[in-house]
Amino acid sequence: MTSPHFKQLRQAYGFDDVAIVPGDVTINPDQTDVSLTIGNIKLDIPILASAMDGVTDVNMAIAMSKNGGLAVLNLEGVQTRYEDPDKVLDQIASCPQSEVTALLQKLYQEPIREDLVQERVRQIKAAGAVCAVSVAPANTKRLAPVVEKAGADILVVASTVTSARHISKSERGLIFEELCASLSIPVVVGNCVSYSACLSLVKTGVAAVLIGVGPGAACTSRSVLGIGVPQITATIDCAAARDTYFEETGRYVPIITDGGFHRGGEISKAVAAGADGVMLGSIFAQAKGAPGRGYHWGMANPHPALPRGTRIKVGTTGTLEQILYGPSSLTNGTQNLVGALKNTMGLCGAANIGEMHKAEMVIAPSIITEGKVWQFAQGQVK
Amino acid sequence: MTSPHFKQLRQAYGFDDVAIVPGDVTINPDQTDVSLTIGNIKLDIPILASAMDGVTDVNMAIAMSKNGGLAVLNLEGVQTRYEDPDKVLDQIASCPQSEVTALLQKLYQEPIREDLVQERVRQIKAAGAVCAVSVAPANTKRLAPVVEKAGADILVVASTVTSARHISKSERGLIFEELCASLSIPVVVGNCVSYSACLSLVKTGVAAVLIGVGPGAACTSRSVLGIGVPQITATIDCAAARDTYFEETGRYVPIITDGGFHRGGEISKAVAAGADGVMLGSIFAQAKGAPGRGYHWGMANPHPALPRGTRIKVGTTGTLEQILYGPSSLTNGTQNLVGALKNTMGLCGAANIGEMHKAEMVIAPSIITEGKVWQFAQGQVK
Amino acid sequence: MTSPHFKQLRQAYGFDDVAIVPGDVTINPDQTDVSLTIGNIKLDIPILASAMDGVTDVNMAIAMSKNGGLAVLNLEGVQTRYEDPDKVLDQIASCPQSEVTALLQKLYQEPIREDLVQERVRQIKAAGAVCAVSVAPANTKRLAPVVEKAGADILVVASTVTSARHISKSERGLIFEELCASLSIPVVVGNCVSYSACLSLVKTGVAAVLIGVGPGAACTSRSVLGIGVPQITATIDCAAARDTYFEETGRYVPIITDGGFHRGGEISKAVAAGADGVMLGSIFAQAKGAPGRGYHWGMANPHPALPRGTRIKVGTTGTLEQILYGPSSLTNGTQNLVGALKNTMGLCGAANIGEMHKAEMVIAPSIITEGKVWQFAQGQVK
Amino acid sequence: MTSPHFKQLRQAYGFDDVAIVPGDVTINPDQTDVSLTIGNIKLDIPILASAMDGVTDVNMAIAMSKNGGLAVLNLEGVQTRYEDPDKVLDQIASCPQSEVTALLQKLYQEPIREDLVQERVRQIKAAGAVCAVSVAPANTKRLAPVVEKAGADILVVASTVTSARHISKSERGLIFEELCASLSIPVVVGNCVSYSACLSLVKTGVAAVLIGVGPGAACTSRSVLGIGVPQITATIDCAAARDTYFEETGRYVPIITDGGFHRGGEISKAVAAGADGVMLGSIFAQAKGAPGRGYHWGMANPHPALPRGTRIKVGTTGTLEQILYGPSSLTNGTQNLVGALKNTMGLCGAANIGEMHKAEMVIAPSIITEGKVWQFAQGQVK
């Protein structure tokens, strides 16, 4: 019953499936360097906020930059479709749950205005912040020159899955080589999850790659489309592509694991798997002053015929500063993200992100066992 | 402690255990071809509705055909036992849950009437639809000539497990070679789950094979009989049999993964595993106008001494058109099945079903982890 | 970091982890032979009822024998400690849950009376039934001659773990070679779970071996002692020992998988794993007239300092005949056990137990996935 | 798609993932020797109580010693920060849950007083008990001479992760070789989890090593820091380091598995994995008279900016004697820990801890399966 026709499947792992093994040598957390460099931009911390309407607006972009990180403004969301996005955000936050999918479908039909694109970039730059903005591949040719001219520092081109080569009869696809050559600012592209797709993308000349497609099993890409790769495996595979390309060319293209994060320890795991940076959505949607007003929704641009993602109440847990640097009054790992990463790097003896890539990890699934249920019943765990 | 006597077990996978890896090249979904050919019948979409009483009646068969798919009418259910099946279906739908097993056991004792068999076929054909009907192996010799004469286009011969060779003292078993030779219409046979069983069946001359026995762990075949193979592994194995046979003979016998589907992404996964088509029950039982009136029951013919399956309330979620083509207002993957499949094929760079068979898949179990429980508790996932 | 000192662990499987693959050939269930022979005793069906006080009393032993199976009477339970065991059983059944461990600890302090041992054996034989009785190793030397003289047909010597060699300063251990040689009736011994332990036991001349130690993760042997092997692996390993011994000597010593059964499909799985018979507790405790009166408790002889197992309410679901042969009104696999086994054997093309040992099995864990939780939430499964 | 850059992950196992296989020979539990020797101190039983404020105070240290075990007093908790620790413990026990993290953060800011360090040691010694005390690496140079002078028998130097070499600009790290050379009493060090880290530590001359970092998936080290190794794998790996070192030098350095225990069977599993002793927290926090007054909190020294662990209600289940030696009225494996270990060793034919290291174990995950859920629903398990 052997046949050359049997399809082979490879095992993949997510955040919950692994744990980091501490090192043989430890190092003082204060002596660790967690900076991330994208093109000519050096960030003090390797943490980005997602280009999602509940996470990043102009104020958040400014605040993240002041704190050493980077929040990416989505140019295809409410910020560039509406003169007064706050009014629209209020409307989303106050909409009953049963009507929210329809409301989102309607709100995102409004056209993107180039004047608002320029305005948002200028607002961020005016505050002295690093300005990163995000567009989908289909709008890139039109909007890339606009944002460059307005003074943006980084252009992110992102969609659920972005490939180096897209086949279409109706339109000539976006060629990343041409885009990178035509712009003076670094281009970040995503998302991808496999070694070969990532290798194709880094070869086009981009400055960084976003990693992550349908990372969670509950992710709608997984249930609606069947597509997705758990983040640890996606990160390991794309890190291997980055390293192969670096070995061949000497150019280091950082990879940024994007999506699926819920707790601080997962950032350390992503870095141990090979990430140079991480991009978080829901944790920052919980910040005081986040545009989502305690809500978060998965898609900036809900598909009119095939909606994926819905509005989720995440609440507000603390200031952006607390989330990044503490002090924390919570014990669940959603605050003091930078402190936690530096602590873990210290316990692994890693002085910088590159050394942390070498930390050992084990597969240690945190499945719900009967023993665990028993402990819950006994009140021995929270 | 090694011995030649230790029995070996092979790992098997179901829908929830795997996820599709997007491709290195993407393609516009509009340019994908999802057609399926069974014998001389070409269907625009590779989606069939099950031969179950809560799913397919004459109206559903007509509607599915008009929409490019195929609904198989069960000739051993209420449609051919009762002159007025709607009255019986009303009775089932309004029966209290505690009495429904007994009611089903009683209702399916009524004999199958050949005049009604003919009548149902003629009703479907009169509407200009493709007519596919289903019988069990034991009734095939008697009913096959009847349905052919009445004008059916496809004959499905199906039972929980159907083998190419059945041993019995009391009766001469059905010989598929003889059946296929004696009929002018294509014969679809099922169900089977292993490479060797599928290879035996395709060799008999059938036009397609249904794949699936006890696919879910909650499936009663699994709990009552201990029998079952998760659908991804069953599909991979039977696809290998199809490919082996095609290589040897040049005849391509499509395989149709039947059962265990609950969400759109699972259709893409089945196709990526090697399926040429899929057969769905409960999702179509949720269509407006489905004969189950919001209910679904597992067995057309409940065993009087060993009942398996019971009536389940599935509700009514939308029209057949919405389920197949959207637009969807739901974000759970049960609507716009065709759009979802085409989208996934686009993200995998697959222009047709055959190319989609080559899509990479990873094992990415969606087990409930503690991290997930934590997220539920935090309200971060639905 | 390789060292010869790293301990190796082997993967083990239980009932829930596996499923049977149907065969390439099927056979009419009526033509299957499910008999089991222990020594000179041939049973029509390979199903035994446990030597537990909630399962087997004199009446149950008689009824099981009449139905073709075998119920083993525990000679160290209430039946031989009390003249009127029914009064004691009433007391256990009516005791509040909070006091039941203490009550059981007290009730089983009463001495075993040899006159009652004889009386119980005679009652069973007087009804024309096959009489099997069970004792612990420590009491075997004293009671074995008594039960043989009283006319018992089979002697079962069982404890949590029974080995062919027991080291003790205080007493000379039971030597099974001597026991088998000294008795004219077949000796069944258990429990064991490994290839080597089973091989040691079959070599002593016993007529059958019971397989199973702490089969379930919830089993108290597992949580209190850390000891246990899931039943599929235990059965596969001990079946290999039986086959090795048979190959060497020509003597076939059947193995009986004992414990951990909850649904009919598990019996088929045990047989596919290599079992010649199965021993069930809780399913028979649910029979009308079972001595437990709807309750079941794990240990006939609760340890005064280290109790394991407690009283569980199992309810009463049907008559013994229904449980064994149907007809069933339940769809959960706890009734018509023989019908289910014969059906499965038919679907695997196995004409007898020996052929069923060759059925293919896959590892198909029935873990609770997110997809499954989603289905539960949608009401799509029970 | 092969590349030398793909990171490899190793599978790890915890208590719930494994089970012990009984031996081919059994032995009378009364004949088993479970003693543990640390340096010049021989303990009758291999069980230690954690250096946590809810577990060990002076009275508990005395009681454990009288019972043959060892409770380690934390010198950085309330006992050495407060003249009257009982008043502080009352305050913690009566604090509302919502305020407890802040209260703990405040209480542990109080300085450690050397006079109280000496006083606690003297109190324990005055009762004729073995006195073991615990300090963090940062305080070791200061406090080690104090405790030695006060008469302590064993010094434990412990932190979340302790390595043989710590890199820091601000301070000269603790050198274990120097510490061991400078003290006349045995030094126990921890915690570590890997072969290489453990090997580095045993080479420094310590008398024993504590094993365990973030053992449980719910452990805050795992969620906040991403760090942790399940205890069975950690124990197996460190036991290999111990055995390698013993082979090379002839010096046997016992390893003590510390943390993650909830039931007696887990002690047997740790020993079968290679542990010479075990250290328990929450089980002893449940003892009558334990300082936690029915509560337990994870960190003696809650980090002011990154708190991990919170107060958990564990209740009071019995006396220390009952927990260690029974008799037990509970069937959940939290009482008669010594009896359970001796029983298991008997069933494995292991006369002492060293022989128990050779017991076979299987991977037998106790995941919650659908079958199990079904059993729960049927009331067939607790």
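For reference, chains read A, B, C and D in written order, and residue numbers begin at 1 within each chain.
The definition used in the following text is that contacts are C-beta pairs under 8 Å (C-beta built on N, C-alpha and C of every residue); 3 or more make two chains touch, one makes a residue touch a chain.
Here the structure is a predicted model, which is why all the values come from computation and not from measurement.
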{"item": "Type of subunit B:subunit C copy interface by residue overlap (half), same or different", "value": "different"}
{"item": "Magnitude of the superposing rotation for subunit A and subunit B (Cα, nearest 5°)", "value": "90"}
{"item": "Centre distance in Å when subunit C and subunit D are each reduced to the mean of their C-alpha atoms", "value": "39"}
{"item": "Where subunit D touches two or more other chains, by residue", "value": "16, 194, 196, 217-218, 223, 263, 332, 365-372, 374"}
{"item": "Residues of subunit C that touch subunit D when the two form their complex", "value": "1, 3, 5-7, 9-12, 14-17, 101-102, 160-170, 192-194, 196-197, 200, 213-214, 216-218, 220, 222-230, 233, 262-263, 282, 304-310, 312-315, 332, 365-368, 372"}
{"item": "In the complex, subunit D residues that touch subunit C", "value": "13, 16, 18-28, 30-31, 194-196, 232, 236-237, 239-241, 243-244, 263-269, 272-274, 325-333, 336, 339-340, 343-344, 347-349, 360-375, 378-382"}
